[in-house]
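Presented below is the structure to which this report refers.
Order as written gives the chain letters A, B and C; numbering starts at 1 within each chain.
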Amino acid sequence: MFLKNCWYVAALDHELIDGKLLARTLLGENVLLYRGESGRVVAMNDRCPHRGALLSQGRLEGDGVRCMYHGIKYDGSGKCVQIPGQDMIPPKLKVHTYPAVERSHFIWVWLGEAAKADPALIIDLPYLSDPQWKGIPAYLHYDANYLLIVDNLSDFSHLAFVHTKTLGGSEEYAFVTKPTVVERLERGFRVERWHLDSAPPPFHKKVIRDKTGKVDRRNIATMVIPGIFTMETLFAAAGQGAQQGNVAGAMEYRNCQFMTPESESSTHFFWSYLNNFEGQDSTISRSLLDSLIEGFMEDKQIIERQQKTLEQDPGFQMLAILADAPLAHFRRVLGKLIDAEQTCAPAEPRAAAAAAATAAAG
Amino acid sequence: MFLKNCWYVAALDHELIDGKLLARTLLGENVLLYRGESGRVVAMNDRCPHRGALLSQGRLEGDGVRCMYHGIKYDGSGKCVQIPGQDMIPPKLKVHTYPAVERSHFIWVWLGEAAKADPALIIDLPYLSDPQWKGIPAYLHYDANYLLIVDNLSDFSHLAFVHTKTLGGSEEYAFVTKPTVVERLERGFRVERWHLDSAPPPFHKKVIRDKTGKVDRRNIATMVIPGIFTMETLFAAAGQGAQQGNVAGAMEYRNCQFMTPESESSTHFFWSYLNNFEGQDSTISRSLLDSLIEGFMEDKQIIERQQKTLEQDPGFQMLAILADAPLAHFRRVLGKLIDAEQTCAPAEPRAAAAAAATAAAG
Amino acid sequence: MFLKNCWYVAALDHELIDGKLLARTLLGENVLLYRGESGRVVAMNDRCPHRGALLSQGRLEGDGVRCMYHGIKYDGSGKCVQIPGQDMIPPKLKVHTYPAVERSHFIWVWLGEAAKADPALIIDLPYLSDPQWKGIPAYLHYDANYLLIVDNLSDFSHLAFVHTKTLGGSEEYAFVTKPTVVERLERGFRVERWHLDSAPPPFHKKVIRDKTGKVDRRNIATMVIPGIFTMETLFAAAGQGAQQGNVAGAMEYRNCQFMTPESESSTHFFWSYLNNFEGQDSTISRSLLDSLIEGFMEDKQIIERQQKTLEQDPGFQMLAILADAPLAHFRRVLGKLIDAEQTCAPAEPRAAAAAAATAAAG
């Protein structure tokens, strides 16, 4: 069961270069994505209504696509415009299309009711298009339900154990730090956590000059519906008083992660990890890309096995600890939205999105 | 759901040389096929009734087979003739056998009621045993329901798009030609189509000397129950009036294809593609074999994906175009025969087969 | 459906060296096996009750294990002893453990009611710890229900056909020998069979000096609940009167095999094949290990295919021959025990085990 009336990241813009017909399953639906010759991005059901052949095995023509089984051609709105050897086109012969929007290297698609697909509802992440912030957008496929990845990102203590030698740095992180702030948002949550006077974690140490100095680290993470995670990370020299506001010389990261369900048991995972200190050379971005993939692979190993375990015993009830408060809140909020959508209550996604920016008491 | 009271191609004769015990699933039943030492072909359920071991893992002895688990031996009629260490043979200990007939390099098996298995019902394709016609019988496995392959062969317009560079030749074929004749038969259909004054398609061009001259091409295809496709193809020099009857110097092909269900989602696909102009050298047959495999692989890529798409959404309703009339007729006729068989109405396959030779109005 | 209130072999002791966290599914339950730092063997449900991560992906600490997702630590009794960043431990946060006993290189686990897990119920096989008997304990995985392996071991005639060139020696074994004794036991059966004046079978011939002399071979096999097979094999020079009691110079083997269900369709198969004539060199044991694996692979090929055949047609009724009497008895006895366990009748496994040593009339 997925929330359908919202925007999901469906692809990265570079995946559609050179007329690529990209087949991607989103929320259980087979979707064909491509950039038409006019430059417009099209998202269309990936099935020819004639005999069920894949349109992604077809051929791009203008902003449309021709099924290469019997040659039937559809325009970018999914309307059939040609049947070889037949003049009359049956009105029913059309392909469902989905609203699609391109924004800062990401392609967003709306799989619910098209009438509600307001582009203004797409989350605004200004650093994705700010030249001061450098990063390389990337993709991973997970054989796990997307909420298990949401869970993973909701509790920083996993950094200490899963990512000790990559993104975390030490197990101390789990024992000596606690969230400074946990805010419940109308459509998600916000968590802030400081780790003072520690060695820089491996991914960061690799890209800085001072390998020995201690640092103060601040993570501010936000998770919003349907599965959009952003984290603002700051490293300042230990002792200079960053927590009190002196962030002179701080090095910062902006992590943007997008979980899009492929099916109930698999997920498209897109991200861009940006930094503000790189300059013109991309060495640091490439190192960070490697570090992130290294860390995500550690998550993947645990989460994909977790998925199998849950599938084996659907009756298993997880047991919450205190650190699970944010993820429990997120699942509750999401559950309510899905219920509302399923019962056809008049949803007002636009107003809700605006309200989400206002944090409710934690 | 399959039609059981009819003959299906089960194997090619060369698959049974040297005492091979061939395990092949036909219509969902595990069948053991072999040639006994007397030369007789046997088709037998591939399961020892004792403990369920595969008889195809056994040993050929005379016209019978010995299960190599506990050594129980069955003769060519499936009767148990020896139990090591035991004198009395329980009458129930026997294996079901199926009527099997060898005809022009193909092994035909009847999986329905044995009493109705009249060899005279096997379709007569004289060129399969005529030395004037040369060809190499071959086999492919499809991960798709056999009716999707029947569909494929029912509409020539796919030649233009799927096989542009192999069996088709140009997309023009779909746009400028239409079936000249579409006949509905009692057990199938017959389609005739001319393509005049065109470049020879690649598979044909490879095996002829005149690579530049234009040709007139005539295809006459017949599909009959349960899934037997034959196509008579003629190429004559463009302009000599082939369509009006002057076929002097024409080069002809006979295509025989046999679709036998392995399961609801997979098919044994046998064929022989014969030509009448090769002489004693088999270079042309070998080139045509390669060309056909090349073309069938193009079909396979589309059809196997189509199978997956249909499995994902069993509620999907295909939308017919005009060119689907023959396949719709075929499915209707087949459906009626299966219904009749299921409801135990007294089927008279022999009479029906004879009637099928008489074409009904299209 | 498995019998749960009994001991099953879960692992070999060498599988747990060096702190290995061994994940093994037993009777459908995911079990973590390890040797704690005190030397004690622990069997624990392999799932962290917090979020379902695998404990076998965790870290051994003392006699306990730490989940390496969020760092929660459990002691060897499954009790949670630490949650990083949280002082209060919820009483429900604990992992189920299973009684585990180490005995002569084998690790035994009890998956039923812990209160009934009396170590005295573990079958006593003295040669497993007797230095006079040499052998190399080993493991194979089967994609088949364990009862199909029990069946296999219940009828020696399969030696003649499946293992002609490895463990059997000749097909004559099936035709000229019959069980001398078949005893029905309360929890299994005992079969004795002599084969006189024959060539030594290949596995034995490889490890003896006299390759030409004929031998008298005696096999005494015992199968007991839940799936424990032992076979005492004796080879004496043909004609010296071994069957009459003169076993001077006989060479003997002790075969111990343990079938533990992994799932309804797969099995852990442990064994040790011991001999009493090797001396200090282990060349003979290693040759016998190879021979046994060679033979078991022959069984595996048949049995795993048999499993598939049975899965394809759950309605298939096997047809018994006389040689199936022992296995039919075993399945009957096991069925009654499982029924009794399922209906919660007060089982008295200890008394039953003692009774099993007393053979009932065959």
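Keep this in mind: contacts are C-beta pairs under 8 Å (C-beta built on N, C-alpha and C of every residue); 3 or more make two chains touch, one makes a residue touch a chain.
Fair warning: this is a prediction, and the values are worked out from it, not measured in the lab.
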* Structure fact -> Joint neighbours (chain A and chain B) are C
* Determine whether chain A and chain C, two copies of the same sequence, contact each other through the same residue numbers or different ones, counting it as same when over half of the numbers at the interface appear on both sides. => different
* Structure fact -> Expressed in whole Å, how far the mean CA point of chain A lies from that of chain C is 49
* Asked: Among the residues of chain B, which ones contact at least 2 other chains?
  -> none
* Structure fact -> So, in the complex, the side of chain A touching chain B is made of residues 30, 47, 49-54, 57, 66-72, 83-86, 90, 92-93
* Complex contacts: residues of chain A adjacent to chain C -> 151, 155, 157-158, 160-162, 171, 174-175, 177-178, 301-302, 305-306, 309-310, 312, 316, 318-323
